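Structure first, commentary second.
Chain IDs A, B, C, D, E and F follow the sequence of writing; residue 1 opens each chain.
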Amino acid sequence: MAFYDLSREELHHFMPEIPEPPDFDQFWYETLKDTRSCPLNPRFTPADFHLTEIESYDVTFAGFMGQEIKGWLLLPASRKKDLACVVQFIGYGGGRGFPTDWLSWAAAGYANLIMDTRGQGSKWRRGDTPDPEMQGSNPHYPGFMTRGILSRETYYYRRLISDAVRAIETARTHDGIDEDRIIVTGISQGGGLAIAAAALDGRVAAAMPDVPFLCHFRRATTITDMSPYKEIAEFCHTHRDREDLVFEVLDYFDNLHFAKRAGMPALFSTSLMDQICPPSTVFAAYNHWKGKKQISTYTFNGHEGGEGYQFLEQLDFLKGLGL
Amino acid sequence: MAFYDLSREELHHFMPEIPEPPDFDQFWYETLKDTRSCPLNPRFTPADFHLTEIESYDVTFAGFMGQEIKGWLLLPASRKKDLACVVQFIGYGGGRGFPTDWLSWAAAGYANLIMDTRGQGSKWRRGDTPDPEMQGSNPHYPGFMTRGILSRETYYYRRLISDAVRAIETARTHDGIDEDRIIVTGISQGGGLAIAAAALDGRVAAAMPDVPFLCHFRRATTITDMSPYKEIAEFCHTHRDREDLVFEVLDYFDNLHFAKRAGMPALFSTSLMDQICPPSTVFAAYNHWKGKKQISTYTFNGHEGGEGYQFLEQLDFLKGLGL
Amino acid sequence: MAFYDLSREELHHFMPEIPEPPDFDQFWYETLKDTRSCPLNPRFTPADFHLTEIESYDVTFAGFMGQEIKGWLLLPASRKKDLACVVQFIGYGGGRGFPTDWLSWAAAGYANLIMDTRGQGSKWRRGDTPDPEMQGSNPHYPGFMTRGILSRETYYYRRLISDAVRAIETARTHDGIDEDRIIVTGISQGGGLAIAAAALDGRVAAAMPDVPFLCHFRRATTITDMSPYKEIAEFCHTHRDREDLVFEVLDYFDNLHFAKRAGMPALFSTSLMDQICPPSTVFAAYNHWKGKKQISTYTFNGHEGGEGYQFLEQLDFLKGLGL
Amino acid sequence: MAFYDLSREELHHFMPEIPEPPDFDQFWYETLKDTRSCPLNPRFTPADFHLTEIESYDVTFAGFMGQEIKGWLLLPASRKKDLACVVQFIGYGGGRGFPTDWLSWAAAGYANLIMDTRGQGSKWRRGDTPDPEMQGSNPHYPGFMTRGILSRETYYYRRLISDAVRAIETARTHDGIDEDRIIVTGISQGGGLAIAAAALDGRVAAAMPDVPFLCHFRRATTITDMSPYKEIAEFCHTHRDREDLVFEVLDYFDNLHFAKRAGMPALFSTSLMDQICPPSTVFAAYNHWKGKKQISTYTFNGHEGGEGYQFLEQLDFLKGLGL
Amino acid sequence: MAFYDLSREELHHFMPEIPEPPDFDQFWYETLKDTRSCPLNPRFTPADFHLTEIESYDVTFAGFMGQEIKGWLLLPASRKKDLACVVQFIGYGGGRGFPTDWLSWAAAGYANLIMDTRGQGSKWRRGDTPDPEMQGSNPHYPGFMTRGILSRETYYYRRLISDAVRAIETARTHDGIDEDRIIVTGISQGGGLAIAAAALDGRVAAAMPDVPFLCHFRRATTITDMSPYKEIAEFCHTHRDREDLVFEVLDYFDNLHFAKRAGMPALFSTSLMDQICPPSTVFAAYNHWKGKKQISTYTFNGHEGGEGYQFLEQLDFLKGLGL
Amino acid sequence: MAFYDLSREELHHFMPEIPEPPDFDQFWYETLKDTRSCPLNPRFTPADFHLTEIESYDVTFAGFMGQEIKGWLLLPASRKKDLACVVQFIGYGGGRGFPTDWLSWAAAGYANLIMDTRGQGSKWRRGDTPDPEMQGSNPHYPGFMTRGILSRETYYYRRLISDAVRAIETARTHDGIDEDRIIVTGISQGGGLAIAAAALDGRVAAAMPDVPFLCHFRRATTITDMSPYKEIAEFCHTHRDREDLVFEVLDYFDNLHFAKRAGMPALFSTSLMDQICPPSTVFAAYNHWKGKKQISTYTFNGHEGGEGYQFLEQLDFLKGLGL
């Protein structure tokens, strides 16, 4: 897809303001307080996938309101103490798959905790974690973007972001991991969760969101026709009288607010031809990011972003931070 | 879409057998017993939509396991006693909308109860009924076809079919309606529910499924690429090790089994160019139908079926039955 | 389709001027004079479609140059005198279908006259009215947009707009209808005809064009690739030397001119993601409308517009006008 | 498009029978008699297109019922007497364009008369001939396939085939042309017309239909989704109650009947991946062809057929016949 | 495709500057010097295609570095001395086909030399000339746009443009051709080659590039998604670290530089809805053209441009120049 | 894509015969003899990609006729002697990328040599190996399927298959690798190369072709429209007179012949909804495979095949063979 968003010049100065709910911090404080009132209960069970250079563990911990979340922990076989740990979140529609799907960070000497995404993991990589939805909340457009969207309390991403914060805390409990050297990363939805979880946790050493999702919903839903942002537009298409409510709820989950609160160093990436997470929405979060930051901009790429190139950028970035 | 399924001749003799679980009847007997153990609690609240010729009521009743289901009841303004009642189920993705979306049957002198579809109603007509999913069951492909599909207990259609049976019972409680002249109908998923609910209720006077869905999953998922059957194929695409389990669960919900048990007269319809509910899957149910039956076959149509033509067929069919 | 037209702000101030032929009024005066010189000859024949709450009549009247036009008249069964009457025109490609396709207005207590569209009605709802074209005029791109387009005399919409004016006059002749309470409405092409007919008739009590077509051809043909505007672009694509002539002819049929002449109250609707009738072309007509006016703007909808929501808006609008 | 029709082996033996109206010959005898009762009135006006090697003439003659039909006549500049003449008909949607679009036959030493197609010529090459339609016949699906299709009298192809017969007669009137060496040809619709006109004229020296259209409507409309056959399917899609009538009318125009009556030598062509004129429909006509015949079969081509390769085949074929 | 590029007004003033390599002229001087050091060795072998009005010759000459290039020469049969000669280059993907594909210019009295395009001619018209690539240069995206793109020495268009210059020289060697009345033309890639070859040859009498390609690569690759410009974007998509190098190489081949150097009269054409060669890229070259110039602008056309209309424009243009 | 090929039952018995050139073995014997006459010259240069658990080497060796081919060698860091080595070939359009793209086999304790694909690697993963084509052979359809296809000597796959054989020989030269425990594998084109190279090498311990390409060209090109098989169809589409020659050349490269000669154990995989490498073409090779064999069949998958599931199957398969 040719350029369709702001020009390169405009992107670097794009600092849009969106409505911030006055009780934004309060909402998340209480959400996490309630969730943390359930014991984290992290478990790491060895999982045999015939790997000789990497140890893999089946992870379980208590996410939002104590609901059980799955994941994998991979450790480099060569050494196992005080490792920096990359906590990784997954793109929309995918699940944790097998440990063999996640070898890069461990092969590079990092511990790597991959969090499964509740409810997802049937579209392109299998997931194993259900998303219990006690109230059934509201009819929703197929997918996860509008699950429970009529109330900030029932919205799907309230649960998922809480899980992400707990995943970081789970990593810290492992005795092979240095709790001060946690890095969060992820692609697309995974990058969006990395931003939110970094800001809410407040203590991670670095964030590396790639082509992140969940940024500036109000703009994204009107400039692209691609899923998953489109799911929100489709919901409003049918529920024409709920448009205002939907965006008021989304204001509690927009990464622009989280970015303003995130003080750690960050390496972002974006593509100028990305129709799924438009570059202006990524730059909107990047430009608001409070900490030190840099961004890789890929001119002729779409949502795949930098792929192997960006992984090498990330390795360099972490080396530069001494992580 | 040109012809792609069996020939017209083959369709009329297509009587495929699929595995019937030995406890099929038991499963449904107990499902309904449990659901009926919750009081039906039907409520009919007048709803003002400026209609002068038709009275409309907002309906609420207790569906599966007592969960609240919405609907509309429309009555012809001219007379209100001992009406034959058409109970109508909705196509995939749609919800009950407004009473103004459902004027045909009432304008023709019938009571008309429209059941909202739990969870659905964000794709093309708004719905108002949540689908509480206590356990979260399993990750699912976007949509409703694989919600809870890894167990017959948690599968979405166990809940929805139960709701449909209770909708018929709700119609019977209304004192303007003649409880022996209930007709079930619906298009696509609505037609699929009409078949299942007719068989499970056992007492409805007639069934009129149009281009019905939920028939012969094993065949449908391999001969068409169109949603919603495709959702099942996509789930198995990702969860490659669950294919057998998925189809064993679906065997509890396949309309071929229900059709064999349905003894009332039926008017089916199908289109030879229907890619969403392939004609062979419709004829598979039709040919198995136990009661008296007839079918309207539209040569050059797709899933829209007969539209206004079929409505006139249905009026004639009901007249012919004295309904 | 994401936003692709003017911004919401710009839309509200968009007042483009297009060339108005000096003899525009003269052209239409003479066209109607000639047509009115043929007797209107309205006939209302009862049509039995098994409806108990609504009376339906097969309508025939003399349209353009006396050519026979079909339609339906629906009356609420409960009362039949001095009704306000909604005269309804049909969207592009459709025909009058059956009375059962048109129950809303009658169910709400209005008389409802639906005019069949000459030549159309084979694409999505059957029509029954031919479009005699004595001269064969000129080769045309498949469809109706370029039928006879090389001369204002032979252009298809000269005939169709004339029919629409005569349909209003037909409604007035019915003794159950209050001739001062005629309302015109329609979706897309139907909305476009409502604008033109309201302006030419001059006496209708209100106009309610939904996502109207036939507005600002010069702009529409260059900003959208969707039919039916695209048919005009395709004609010019082939007949490269007729571009100027085509748009000179279209200037006699552009609703921007009709809107400036229409003094009755109007309720418009438009969708910001409508690619078929772009919002700027609708606002261009709306902003030029001479009478009192209001507009419903649907953010996340396309050409389907407000559907059931808009019908409720229209009922309220008419109540507000005492109609 | 991969193979989707009968196998190569089956194609060579495909001799389907379709219903032949008992008065088929009578119908065409009277149609032509009536048309021939109007004077042919051929005119050849020199047209200057800066060509030095080819003389071009603007042709006018009286087609169906005396209606005026346009065309071009091209003559090789080097000699002008007793030329064999290729009468050429045009593919669906196109018109006669300019003489510069038709240089091949004249450059090869043949006279070449190109007949414009009434009403067509706005889709890909401009036409200049209207299609007067006195009665307006019936609503039709956009395009020409269903224009007047509800009666054999009013059907569009009755007029067009009659024009084609008259075009041959027009060629015969020119004194530079040898009236015994007329060849008919054309691609797609042009090939379909060549078959019909050859059979009806009875005297042409050879026919060379390429990927011909208008063969076996009953089969074509159910095995392909491509226009123009699809137009007929779409008409029946909407006018569900007219399907039988439509195909009864089409039986008067199906080239299978004409092929059985055509005794002159023929060179056909077809492509095995042609979705627009499926190979089985072409072979159906070819296998029924009464005269001597041969066919070029292109394996990996679609509706473009043999293009330049086939033109060389045709030159060889005519040389072989001494034409 | 609706308007998507600059407005008509902006186009006429669009004079973008792109980086010009300081050794641009030197590079081409040496390239041609090396190529010219191989003997041109033109051969014209009569080819029999049954044409009586046009003589056709199979042409061979030594192109880039003496590699053999094929072509056709067509001469009007009526006279053969001192003809003006139109040298024609072919659009992307096509080859020289047969002489019967190229009759227009000869029929109009011009000599016409058609140059085959090395390597191409398998997509839509057969070619007969290989593209020897001694070094294999670099992996490339399917197609020809990125063949050898990592160095100005190995880039495909260095070879092809050199061939084009030699084709003009080949025409001059024929004794039926007036060497001062050579005109270059072509559509799309053919138009792009016409610009470059005209500038490099410096002596051709006129250039007539239609919807020319190879203009302003830097802009084209970011405003359209259509091949062939897209091939360059796709290469950079994968080779993310070669983007700068790619465009530095392309600066040696951009027609904006050639246009500034071309002093002969030119007739351009462009279409406002052309997505393959966007109008702004054509106007960028046109506005930079050094000689006298005019341009045909087609409003509602895409990449097909003016077709027969433009051919007539070209005939007039040449008459006007006395050619 | 729904089922479109042979039924599951038919697939297991599908043993088609295609023409085998009498000098098939001779052709390959001489091709390899010539290639082996150039010294292999393997080089393994350490490459630093920050990996701690895996050692990576930049590989260079002499492929076809001594031309330089790139690759990667990855070794598990934990031990380095007498490793079984998986030689891996790459799917169509991709290149070797970075070592970080290929961690699975080394993480599982195997040496892993990845061969870059000459000329490819610009479509989805960067390659670094040119494909020198001395003669330029013939015009080709964009891509690699028809490069040099008019002669068995110049055909692209003659070079690439030779490279693949030499890659195995390169692995054997490394002193950390057990030369009797070489396994070949690859996906799609990589699987096709694995079959050919296994048969030609004759000594590899096992082959694991996934959804392999290059099997039964004659069938594949007529039952699917997907690239890359489609490239061959497109070439024949244009070069209509070369169809026979093309398939005679391809008979030297069809994996059906190689499979008959391959005596080592094999694990194949295929998907029933694979449109790129149709299941019948894979089964055709599988059923002809001479050695012990098993196949994983994925019902609801396309060309992605088994992904992570199949990798686990392969690990088990190799364990079972003691590799």
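Here is the rule we go by: a contact is a pair of C-beta atoms (placed from the backbone, for glycine too) under 8 Å apart; a residue touches a chain by one contact, two chains touch by 3 or more.
For reference, the UniProt names are A, B, C, D, E, F = Acetylxylan esterase.
Please read these numbers as outputs of a predicted model, since none were measured by experiment.
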| item | value |
| --- | --- |
| Each chain counted as touching chain A (Acetylxylan esterase) and chain C (Acetylxylan esterase) at once | B, E |
| Of B-D and B-C, pair with higher C-beta contact tally | B-C |
| Interchain centroid distance [CA atoms averaged], chain E (Acetylxylan esterase)/chain F (Acetylxylan esterase), Å | 39 |
| Chain centre separation in whole Å, for chain E (Acetylxylan esterase) relative to chain C (Acetylxylan esterase) (CA means) | 50 |
| Inter-centroid spacing, chain E (Acetylxylan esterase) versus chain B (Acetylxylan esterase) (mean Cα positions, whole Å) | 63 |
| Residues of chain E (Acetylxylan esterase) engaged with two or more neighbouring chains | 125, 234 |
| Pairs of chains found to touch, sorted by chain label | A-B, A-C, A-E, A-F, B-C, B-D, B-F, C-D, C-E, D-E, D-F, E-F |
| List of chain F (Acetylxylan esterase) residues in touch with chain E (Acetylxylan esterase) within their complex | 67, 93, 95, 118-144, 146, 234-235, 238-239 |
| Residues of chain B (Acetylxylan esterase) that touch chain D (Acetylxylan esterase) when the two form their complex | 1-3, 272-273, 298-302, 306, 309 |
| Complex interface listing, chain D (Acetylxylan esterase) residues touching chain E (Acetylxylan esterase) | 49-54, 76-78, 97-98, 100-101, 103-104, 106-109, 125, 308, 311-312, 315, 319 |
| Residues on chain C (Acetylxylan esterase) engaged by chain E (Acetylxylan esterase) in the complex (per definition of touch) | 221-225, 233-234, 236-237, 240-241, 243 |
